[in-house]
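Some structures to go through are shown next.
Across the two complexes that follow, chain A remains constant while its partner is chain B and subsequently chain C.
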Partner chain A sequence: MNNSKLITFVAIVIPVLAVMLAARFLGFPVFERIATLLFINMILVLGLQAFMGNSGILSFAHIAFMGIGAYTSSLFTIPLQMRGMVLPDLYPVLKPILLSPYAAIAVGAVAAMLVAALVAYPLMRLSDAAAVITSFALLVVMHTIMVNWSEVTNGPRTLFGVPKATTIYLAAGGAILAALVALYFKESRTGLLLRAVRDDEIAAGAMGANLSLLRWKGFVLSALFAGFAGGLWAHFITSYQPSAFYLKETFVILGMLVIGGAGTVSGAVLGTFVVTFAFEALRATENALNSSSVFPWQLVGLTEIVLALAMIAVLVLRPGGLIEAEEFGATWRKWRRRG
Partner chain B sequence: MVFRGGVSRLVLAAAFGMGLTGSAMAEDEIIIGGALSLTGVQAPLDEAGLKGAEVAVKALNDQGGLLGKKIKLINIDGKSDPVTVGNNAINVIDQGAELVIAPCDFDFGGPASREAQNANIVGISTCASDPLYSSWSLGDKQFTLSMWNTAMGATAAEYAFKERGWKSAYVVTDQFIAYTKSLSKYFTQHFKDLGGEVVLEDAYTQGAQDFSAQLARLQALPEKPDVIFISSYMPDLGTIIRAIREVGITTPIMGGDSYDDPSLFEALGERFGNEIYFVGHTWMGAEAHPDMGKFIELYKAQHGSEPDTSFVATGWDTVMLMAQAVKIAGSTDGAAVAKALEENEFDLLTGKLSYSNAELGHQPNKSAALIGISGGKPSFLGWRRAESQPAP
Partner chain C sequence: MAVYVQFLIDVLSLGSLYALMALGLVIVYGILKLVNFAYGELIMVAGYSLFLLGGTPLPWLVMAAIAVLMAIGAGIATEYAAFRPVRSKSVTAVLITSFAFSTLLQNAALLFISPRARTVPLPDIFSDTVVLGGATIPLRNILTIVAAAIMLAIFSFIMKKTVLGLAMRAAATKFTMARMLGIPANLVITSAFALSGLLAGVVSLFWLGRIGSVVPGIGLEPLLVAFIATVIGGMRSLQGAVVGGFLLALIVTTFNYSLPPELLKFRDAFTFSLVILILLWRPDGLIKGPATGQRT
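Presenting the complex of A and B:
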């Protein structure tokens, strides 16, 4: 790991640890919850960055893999005596298998990766608008499967009884690991080639870059992140339904990445922090305004509207996001040299 | 420096903001927290419940409060999203809530009860009726004010088969939530046990807004059913019933407490709102309970209009049930209040209520109100109690 990359990594680790410790020791359980969800979102955003940032292809399917990770891991951790009540139609083969939550989260991540490996290969031959639209179609297909495969997901209804296993430490550790992998992947041979394809598909292809294979690798890695985050999320939230893995979450994660800057790992992390804090501040404002009844009506949807406006503003003013092209470490070194 | 400086400033700002919003706990008040949904699909049931709960809190405070302390109700909009409901429950418990009012449904309300259980306090759902809303799946301090769907479905089946002599039924099940699925399951089971015949079971999914495929199957039946049982939710419930009535099918329609919604009566109107019967929680009139008139007056004084659904009574009852149990227990301690709830019978606007113990799931023992819709207007047909009911 070179110097600049190390600085970037440290710059990501410091705020993660700071938020983790602050959340842990300030004594507000709500804050700890927000911080844990922030770390899980960070893993999702980093996963999306690994594919989208390097390949330049917008992917809507990311959250579907989070769903696969969540459902797969939960299947193995719901206590046996509760399983009949939660999933009355579960396949008999799966009924007696009980794993520790950590093993189950790993299984969920691998399952998401395998599904991605299977479905993505043909899709990765597509570019531009066609690739974006097929990824959206993939999200819809996966969502429909989750809604209707009652045997393992309990249909559109709540899946409950998932034991709580994700702590703030585990989530923070996962986020740091994800940042490390994303940074490494970006500078790896595959990452560099993928970015070459992004910048000039024809030129890179002429030099012998196998573009569909490169994109496939990026996509599979990104699904691994998403599946891992899904498992962590499921074992944090403990009861959820397929609608949790659909458009709303997709746009939150995309918003974080686009605002922060899809091209860089630093941008992905910054976007996650900025959007989370803005979201929570707006939600607190919304609740405070509503409970103090400043307005004669109830304020609804302030958070969503402001996030959408922020996304538009960022796209107009800085189309590449807050940190567009250069990782924080490189900027820091230039700045040091100048100063 | 944008990166680190910006982030640390944000962290500080957020920490500061949290400090301001986290309210100081006062010694002289008992906080009841809620995560009832004021927006989304759950709002028609929850908003009414919240309004009723507000009336109850004011009434109790006017009589001197509870255990000598004032009661304060804090509700944060759960937005008909189970994850938000869970977050909000944690938030109100954080603000000092000692009792939790959970939304009126297992899928939407369960997360609030789970968080209440984690904090070792009592949580009561205003009207969740799925048997999953039990101490088995949520914990030994969690209750629902409503009868279970076993009772709701059985009451509907007995009314259809025994009182009206309807022998064949067509059943539509919305796949949407546990409530809609289990209600028709228990209706079907009990109707068959009584000797009735279910000619066709069909599925629907909330949000589809299109009932034509099911309607075609219904019309293709060689023999017309005596009764149609629809287990769904507003807003699509209105669409389904209209679709059936619009093609001239006048077969009686039956359902559960989700029919008790003024927007359904409006959607059906005089033309389509006939021969519809449902099993609900209570009736907003003196026929249902001698104290109902008093409640309606208090409600009018506080909210400026007559209650338009009986779900307001579930909110009032939830708070009154909590207050009576706390009084018996002498404290708001979760285990003591849960014990008081298990061991006593309570006289409420939604009927007399007692619970089984935690091993038996906190099964509510309660009467059901039977309501008919005719000319687009609901009317009370009396209290019913199913002679037997299927096992959950």
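Presenting the complex of A and C:
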């Protein structure tokens, strides 16, 4: 690991650890919940960055892979005596299998990766808008399957009884690991070639870069992240339904990545922190306004409206996001040399 | 016999709506090479306009005209809010700003109107049926086909015979060159958004005629349909959008008629998988457009 990458990594680890310790020891359970969700979202955003930042293709399907990770891991951890009640139509083969939550989360991540590997190869031949649109269609396909495959997902109803296994330490560890992998991937041979394709498809292709294979590798890696985050999330929330993995969540994750800067790992992390804090502050305001009944009606959707306005404003002022092109470590070293 | 007539009318009426939707998306994409994610919300805007006008004593056609005008207004507003400030800077940025604008409109509807479905006023003619070749067919399906034919005729007249249409086609082929020859970029782009609002507004009347009420999330399905139809047809060709719309309607209707009920709930998954297969065979869509697709 060279110097500037190390600085970037340290600059990511310090706030993660600081938030983790603050949330753990300030004594408000709600902080611990917010921080854990922040770390899980960070894994998702970093996964999306690994594909989108390096390949330049916007992917809407990311959240669906989170859903695959969540459902697959839950299938193996719901206690045996509850299974008949939660999933009455579960296939007999799956009924007696019980795994430890950690093993199940890993299985979920691998499952998401395998599904991505299968479905993504044809899609990676597409570029530009067609690629974005098909990823959007893929999100809808997966959502339709999650809502209707009641044998394993309990249909549109809530899946419950998932044991709570994700602690704040596990989530923080996962986030740090994700940051490390994302940093390495960006500078790896595949990452470099992928970025070459992003910047000039024709020139990179002429020099022998296998466009669809490169994108496929990036996509599969990003689905692994998403599946991992999904497993962690399922074992933190413990009961959920398919609507958790749809457009609203997609909007939040994309917002985090784009506000922070899709091109850089530091940007992805910064965006996750900024948007989480803004989101929680707004939600608290919305709840306070609703409970004190300042307005005669209930406010719904105010948080999303403000977030949407903030996204538009950031993109108008800085189209590349807060940290556009240069990782934090490189900026820091330049600044040190000058000073 | 009856079932064939019914099938044909179903395909044509659904296809008309899909084709008009796809056309509205492609006309903007052709010029800017940018996708408008807030496109579905134009349907929502028209729907809520109808709902809000529902209590007034105006004749339905006037309400419908106002709703279409509101959709045109919303289309132009999308351009000013989400496209103009960022369109020259980054492709991804525009995708996100239009996605954000769509979320903004949806949540505004949630906040100011209601999360629950609202019934829109519809003329009686929409619930009538006619018997044709032994099949009972809702009259609104025939009306949809007629309206779509008129819209397509008007649309091709504008694109082929007027200066504005010529300018839009020139801009879609090579935007830089068109600008060098003195075509005002902002005017062309705003007109494209207005036209796409007009198409979405007309579609919304018939779309609402099918379901009868409006919810904040109503725009998703038409948006998706337009997306898929354009991808099948070829993102850069206006004819392709129409072909793609009718082809998608054919696929969906065939599934509706042939799939057993326990598989029918997975219909969307089947449809989109088929679309992926079509794209494997022809990654650029069925009909290639005029330009290279290079953004300018």
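Structural remarks
Simple rule for what comes next: the second predicted complex is superposed on the first by the 333 of 339 C-alpha atoms of A that agree within 3 Å, B and C clash if a C-alpha of one lies under 4 Å from a C-alpha of the other, contacts with A are read in each partner's own complex, and residues count from 1 in each chain.
Assume a contact is a pair of C-beta atoms (placed from the backbone, for glycine too) under 8 Å apart; a residue touches a chain by one contact, two chains touch by 3 or more.
These figures come from a predicted structure and were not determined experimentally.
In the superposition on chain A, contact of A:A130 is made with chain C only, not with chain B. With both structures placed on the common chain, the touch criterion links A:L138 to chain C but leaves chain B unconnected.
In the superposition on chain A, A:E280 makes contact with chain B only, while chain C stays out of contact range. Within the superposed three-chain model, A:Y184 lies out of touch with both chain B and chain C [touch as defined at top]. Looking at the shared chain after the overlay, A:V300 reaches both chain B and chain C. When the shared chain is aligned, no partner comes close enough to touch A:Y102: not chain B, not chain C. After overlaying the two complexes on the shared chain, residue contacts for A:F251 are found with chain C alone; chain B is out of touch. According to the touch criterion, the shared surface of chain A, contacted by chain B in one complex and chain C in the other, consists of residues 300. Here chain A touches chain C in the complex through residues 52, 56, 58, 119, 122-123, 125-126, 128-130, 132-134, 136-138, 140-141, 144-145, 148, 247, 251, 254-255, 258, 262, 299-302, 304-305, 307-309, 311-312, 315-316, 319-320, going by the rule given at the top. Within the complex formed with chain A, the chain B residues making contact are 1-4, 6-8, 10-11, 13-15, 17-18, 21-22, 38-39, 74, 76-77, 81-83, 86-87, 90-91, 94, 106-107, 110-111, 114, 132, 136-137, 175-178, 181, 205-206.
Interface residues of chain C facing chain A in the complex, by the touch rule stated above, are 29, 33-35, 81-82, 85-86, 89-93, 95-97, 99-101, 103-104, 106-108, 110-111, 115, 220, 224, 227-228, 230-231, 235, 265-266, 268-269, 272-273, 275-276, 279-280, 283-285, 293. Interface residues of chain A facing chain B in the complex, by the touch rule stated above, are 11, 14-15, 18-19, 22, 26, 28-31, 33, 82, 85-86, 147, 155-158, 160-161, 237-241, 243-244, 266, 270, 273-274, 277, 280-281, 284, 287-288, 290-291, 298, 300, 322-323, 328, 331, 335.
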